[in-house]
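Chain naming follows the written order as A, B, C and D, and within any one chain the residues start at number 1.
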Amino acid sequence: MADLGAIQKKILSFRNERDWAQFHDPKNLAETLSIEAGELLENFLWKTTEQSRNLTAEELKNVREELADIFIFLTYLSEEYQIDLL
Amino acid sequence: MADLGAIQKKILSFRNERDWAQFHDPKNLAETLSIEAGELLENFLWKTTEQSRNLTAEELKNVREELADIFIFLTYLSEEYQIDLL
Amino acid sequence: MADLGAIQKKILSFRNERDWAQFHDPKNLAETLSIEAGELLENFLWKTTEQSRNLTAEELKNVREELADIFIFLTYLSEEYQIDLL
Amino acid sequence: MADLGAIQKKILSFRNERDWAQFHDPKNLAETLSIEAGELLENFLWKTTEQSRNLTAEELKNVREELADIFIFLTYLSEEYQIDLL
């Protein structure tokens, strides 16, 4: 398993190279978490709780990407407030 | 900084001691992320984007707790699909 | 059944008396809808889809209030863009 | 302005023709509201509150569609509990 600190540094470098920090006020970052959480939830919509345990490969791929997006924006928000997630 | 793997093990032990895994199907876990993201967003509601950079100590405390909740449920969902977040 | 136009006028009068329109930019109003939708969803969390059809009286009361809140903010947003919901 | 009762009957007929009511348990319907609210919010993301008052025609079209979707699912949920929205 890679190191969390190293990954978070990469995520923040990626942002700095694009000069995005100026747009990343907490209000907008909190909005992204709501939006991404909705996109994640969409993979389980119209399923029973039982069916949600059996996703197709396509759905599983989507879920992985949404989880990664949520983790990235969680990292940005933590950085904003100097919060150590761990 | 603590180790992510160690923290995630603690989160999962905490769950196992309470025998909660049976309720933690992905559909319900994805719902928690939407609900927690909404609670996080509530701290920024009626603020301008500028004002969102200046939270009170009380609001900041709430934000920290919501970020922690989101991280915990992200860990549960990752565990479900054997996804390494990093 | 009462008349939608009459109800919406009441909702808007209620707002005007409190001089709230100045805070009701679309970004904040859209945030309220996400937050309220999360609060609604909370009533169904950890339930199976079957269980969600059998709420307690207390839960049902909460659901009614959340649906009303969502309808009110939907009315504000529609007013902003002069959209006739019907 | 058309009549709310008449519109709601149309929405419910549309559903009955497709035999969708069986899937429309409250848990799934509440999920749709969270998902749609997230899609609505996406139109305002990365904007300041001031900018959110000036949408492009394309964005405005999206907003109208999301508001309509939210209204439709609000109608389904109200029907489930025999709630008169007005």
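The working rule: contacts are C-beta pairs under 8 Å (C-beta built on N, C-alpha and C of every residue); 3 or more make two chains touch, one makes a residue touch a chain.
All of these numbers come straight from a predicted model, not from anything done at the bench.
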If a chain touches chain A and chain D alike, it appears here: B, C
So chain B and chain C: same face meeting same face, with over half the numbers shared, or different? same
Roughly how far is chain A from chain B, centre to centre by C-alpha average, rounded to an integer in Å? 11
From the C-alpha centre of chain B to that of chain C, how far is it in Å? 26
Could you state the distance in Å from the CA-based centre of chain A to that of chain C? 27
Listing for chain D: what residues touch at least two other chains? 28, 31, 34, 37-38, 41, 44, 48-50
What residues of chain A sit close enough to touch chain D in their complex? 23, 28, 31-32, 34-35, 37-39, 41-42, 44-46
Interface with chain A, chain C side, in the complex: residues 31, 34, 38, 48-50
Per the contact definition, I'd like the list of chain A residues that touch chain B in the complex. 1-5, 7, 25-28, 30-31, 33-34, 36-38, 40-41, 43-44, 47-50, 52-53, 55, 60, 63-64, 67-68, 70-71, 74, 77-78, 80-81, 83-86
